[in-house]
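Two complexes, one shared chain (subunit A), two partners (subunit B, subunit C).
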Partner chain A sequence: MSALGRLKSWEGLLLALLVIIVAVNIEHSPYYLGVGNIVNLFQLSIEKIIVALIMTLVIINGEIDLSVASVMGLAACVLAWLFEMGTPMPLAIVGGLLAGLAAGLFNGFWVAYVGLPSLAVTLAGLIGYRGIARILVEDHPIGNFPEWFNLVGQQPLIGPVTVSIVIFALLFVIIAITLHSSALGRLVYVIGNNLQAARYSGIRVRLVKMTLFGASGTIAALAGILYAARLGSVRGDMAAGFELDIITIVLLGGVSIFGGSGNLAGVGLSILVILNLRNGMGLASITGNTQTSVIGALLILSVLVPNMAQTISNKWNGRET
Partner chain B sequence: MNWLQRYVRPEQVRELSLLLLIIVAVIVFGSMIDNYYTSRTFNRIASSVAIITIVAVGQTLVVLTRNIDLSVGSIVGCTAYFTGTLLAQNNDLHPLLVVLAAVALGSVLGAINGVFVAWGRVPSIIVTLGTLAIYRGLLVDLSGAKTVTTDSLPSWLVDLPRVNLFAIGEFDFRAMFMLALMIVIIFQVGTSFLALGRRLYAIGSNPDAAKLIGLPIKRLVFLTFVLSGALSGLAGFVTLARFGNITVEAGRGLELEVVAAVVVGGVNIFGGSGTIMGAMLGAIMIGILEQSLFRLQISEFWRDALLGLLILLAVASDAVILQRLRSLWARADLKFIAKPPDDGPAPERRAPP
Partner chain C sequence: MKKYLLATAALAMAVSINHGVQAQAMAKPGEALDMVLLPKFLGILPFDQAHQGAQEAAKELENPTPLQFLGPTPENSVAGQIEITTNATTQGVAAIMISNNSGDQIVPAAKAAQEKGIAVVTWDSPIPSAEGEDVFVAQVDFSETGVVMADMALSILGEDGGKFAILSASPDAANQNAWNAAMKEALKGEKYAKLELLDTVYGNDQSEESYNQALALVDKYPDMELIMAPTSVGIVAAAKAMQDEDLCDTVKTSGLGVPSEMLAYTMNGCAPEFALWSFVDLGYLTYQTAYAIATGALKAEEGASFKAGRMGEYTITKDPTRDAGLRILMGPFSVYDKDNVEAAAK
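Showing the complex of A and B:
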């Protein structure tokens, strides 16, 4: 089976899974497909799925960014800290975004210019950025943001659709265009497929990696700020552990952890699968911890199943792995 | 310089510099904190290091083969909780049986990781990120969010952390610390001198070559995950003894500290180099940092930020400085081979083509 065929069947599998989950959910609640519930579905995990979009690019590029959840926390804490110091809210938001950009570029510098493994660098970031966030706000929650800021997180903008969802939709389109029909997108695939070949053919690998890590930090910061707006208050440990869900979404979408393959359509489908699954489990009154377990199992299965399929199809064709 | 290069390997330079860093840290903290150089500080650090060290030994074995085990925190939590519940229900269980139960449970959880990594060909970071969530989820579900309390545990276990094997002056060498030290020595000897241990290095430094010379890679990788699970199980028992009160949150986030200890200790995250001893030094460094910052009071929140920086520095110094050292050593070796002996004619040597 060709790579393209396998990819298609992977997305087919996701689609089938989605249909089953939605069907079961409708069985549970007749109002499931109502507009209110669907908006709610997106709204509850909107920050994670925003970050999953840029994570897709990072992983296709052959790297990983484990620090995103901490960058989300850091941006929110920088914002809250600036706000508490008396900075006007718009400036505080810019400060939060800049902190995210700086964190991302810092990761990128060590990966692209010093040549360290991104796993180790972003693990250090995962711990370190969370630490900086804790230094800034210590252990008290910061709230009482201006009314308009809280509304950004909660108020519907177009019909029932909130600002966060609009931002998600815009980012989805921008990243889809970048990945699938721009020069940068092709470079992302080439570098992910074969770093050495990319280097020898004169591609500016460092620039591409810096761009991706910078973008990853900035978008994670944006997501963190939206999260702060939705919750209406900021704590040092906010968004802790989100990296599990984010990476699961990307890998379930058929993106290879080794880089070089995957597409945004698959990730889009996997976002829908995971959102509906979580919502469905909520309807069936399954608690948050079990939900996380199921997501964890899904993460392992999303790599195990294609591997097993490969092994079986190779055996079928009489080849040894 | 030559004699140095003959007797000291670059990895040992790395460990010596960490030792130096530890001494510097102790001096710096000593000048900032009153009454720092007392037996109390030593005892505190020693008992907090024990848990991280035991888990870090297992983690080192896994990392040597180019894998990673992020589920250790959840395994420690599971074993601490379930062993505690078991013991609370049957107070007269034999101590050895309790330890065995903890190790067995840890091994089973580690074996599950190992099967997926070795035979399922799923990258270890994905498997263990998944089981990190799954094991914790199972713990929360099966426990019904109840807590193991100290008063339900038998007295031998509650007293265990204060048991002294021997003391030098005021410095107590407690059972837990000695247990960790013993494990470090056993595994250090095992990885240095046993064929099995050397094979782990072979797999990590060049998996393709290891496969070509016929090493049973799958079985060895599986074994490292089982050992990592077993040691985490043992650490779970130590956690139970040390804290007594075990909630479902026990051991959460421990995996970060352990990976930090291993990386700071000079074990290459891409496998093939590093020692158990180094991992222990890493754990001690982190223990000193934690306990000293705790004593400084103002900066408890600085711990994570400093830990992140420490990991980054460790990895960066590995990449930049250690690479240079290695090539320096390699060049010295070449010179040693190329230079003909002074006495007598040069041995027969094929001319370069």
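Showing the complex of A and C:
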């Protein structure tokens, strides 16, 4: 089976899974199809799925960014810290975004120019950026933001659709175009497939990697700020642990953890599968560890099934020849 | 004149009867209300005890709809509590009872629930700004915690007093700090003049770390006679450390602990006295409160009172620890020793 064929069948599998989950949800809960619930379904995880979009590029590129959740927390804390010192909110937002950009470029520098593995660099970032965030706000929550800021996170913008959901949709389109029909997108795949070959063929690997990590930091910061607006208050532990959910979404979307393959359609389907599954379980009052285990089992399958399919098909081909 | 007096008396009586009726406000049992008990996270003994108490109240109030006990995992506590509150709002439940672990971050979700007519009662840990919350069912008064701990220290060390140290959870746990401050305040009283507080150390609610901190205290202060640990993790670790090192005769342990975890140490004299509020009662009172508010029998406003089943009458007051908050104060502490710890541990 060709790589393309396998990918297609993976998306087919996700689509089938999605149909089953949606059918079960409709069958199970009269509230599921309510407009309010569908909006909440996205809204409750909106920051994670925004970051999952850029994470898709990073992983296809053969790297990983474990620091995204800490960058989300850092941006929110920088914003809250600036605001508390009397900075006008729009400037505080810019400050938060710049902090994210700086954190991302810092990660990128060590990966692209020094050649350290991104797993180690961004693990350090996960710890370090969280540390800075906690120092900035210490142990007291910061709230009482201007009303308009909270409304950005909580109020509908177009019909029942919130600002965050609109931003997600726009980013989805932009990243889809970048990945699948731009020069940068092709480079992302080429580098992810074979770093050495990419280097020897004169591709500006460093520039691509710096761009991706910078974008990852900035988009994570944007997500962190939207999270602050949604909750109306900032604490040092904001978004802690989100990186695992984000990476789960990307891997379940069929993106190879080794880089070089995967596409945004798969990640989009994966987002719908996980969000609908979570929402359905929530409405069926399944929470806590049970919910975590179900999603964990799904991820294990997403890693095992393609690998097993590969192994089996290899053996089969081997027997034929 | 006489007539006037009579009339006044009659009026006064009428008022007091009216008042009496209000004080007797009791929720009508048997209403089918979908109610959610939301702990900070699942898998912790005190929250299971609160669940048990809430179920007891649900049975007494003959609510035919089963109580939903829903909680996040510890790693996902904040986002999980918000998600559960939001989903419960979508389902249009009658009441949500939250042990809040999300600070004010839960406010938008709690407000949305209130706007849908859902009773939002907090217990164990309130919403700091009190926004989105009807009333907080408080386990104990923070200042009382200080007095209870000082009394236990005095009772263990005796009339002649002695030196002791505090083994707390973490330097930034708000409730721990409030309790330690309340204890230091209480120690200023003449009654406790012979008690000397040597040091305050932190075990971060980790067993291993608390155990090592307790041993370090012994090394540092050879004349220390008591370790006071206002945390259920720290107190067990300290008692175990003293037992392992054969020090129980010279250094006692006390503080806030769970009876079932402290039973052995209390019976063998390592931790002769400790205190805690009953989480079963807290769950019971919380359910009674939420049920009364959801049925309309109780209005969440200052001065309103109601009868909470077997626990008797409670009145809603202003919360002295939060500017805008209302609370129902459960209290008092249960102090456990050799005589009553076995029954409580069951």
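Points worth noting:
In this text, the second predicted complex is superposed on the first by the 313 of 321 C-alpha atoms of A that agree within 3 Å, B and C clash if a C-alpha of one lies under 4 Å from a C-alpha of the other, contacts with A are read in each partner's own complex, and residues count from 1 in each chain.
We adopt the following convention: a residue touches a chain if its C-beta (ideal position, glycine included) is under 8 Å from a C-beta of that chain, and two chains touch if they have at least 3 such contacts.
Everything numeric in this text was worked out from a predicted model, so none of it was measured.
The superposed arrangement places subunit B and subunit C in clashing positions on subunit A. In the superposed model, A:202 makes contact with neither subunit B nor subunit C. In the superposed model, A:285 makes contact with subunit C only, not with subunit B. Shared-chain residue A:86: touches no atom of subunit B or subunit C.
By the touch criterion stated above, A:159 is placed in contact with neither subunit B nor subunit C. Shared-chain residue A:116: touches subunit B; no touch with subunit C. Shared-chain residue A:127: touches subunit B; no touch with subunit C. A count of residues in subunit A touched by subunit B and by subunit C gives the higher number to B. In the three-chain model built by superposing on chain A, subunit B overlaps with subunit C at stretch 39-47, while the rest of 39-47, 57-65 or 93-101 show no clash. Overlap of the subunit B and subunit C contact sets on subunit A: residues 138-139, 287, 289, 292.
Of all residues in subunit B, only 68, 116, 120-123, 125-127, 129-134, 136-138, 140-141, 256, 259-260, 263, 269-270, 301-309, 311-312, 315-316, 319-320 touch subunit A in the complex they form. Contact residues of subunit A toward subunit B in the complex are 64, 110, 114-117, 119-121, 123-132, 134-135, 138-139, 236, 244, 247-248, 251, 257-258, 287, 289-290, 292-297, 299-300, 303-304, 307-308.
Subunit C meets subunit A in the complex at residues 41-43, 68, 70-73, 75-76, 78-80, 82-84, 86-87, 90-92, 102-105, 107-108, 128-129, 172, 174. Taken together, the subunit A residues at the contact with subunit C in this complex read 29, 31, 34, 36-37, 40, 44, 138-139, 141, 143, 150, 153-154, 230-233, 235, 237-238, 241-242, 278-279, 282-283, 285, 287-289, 292.
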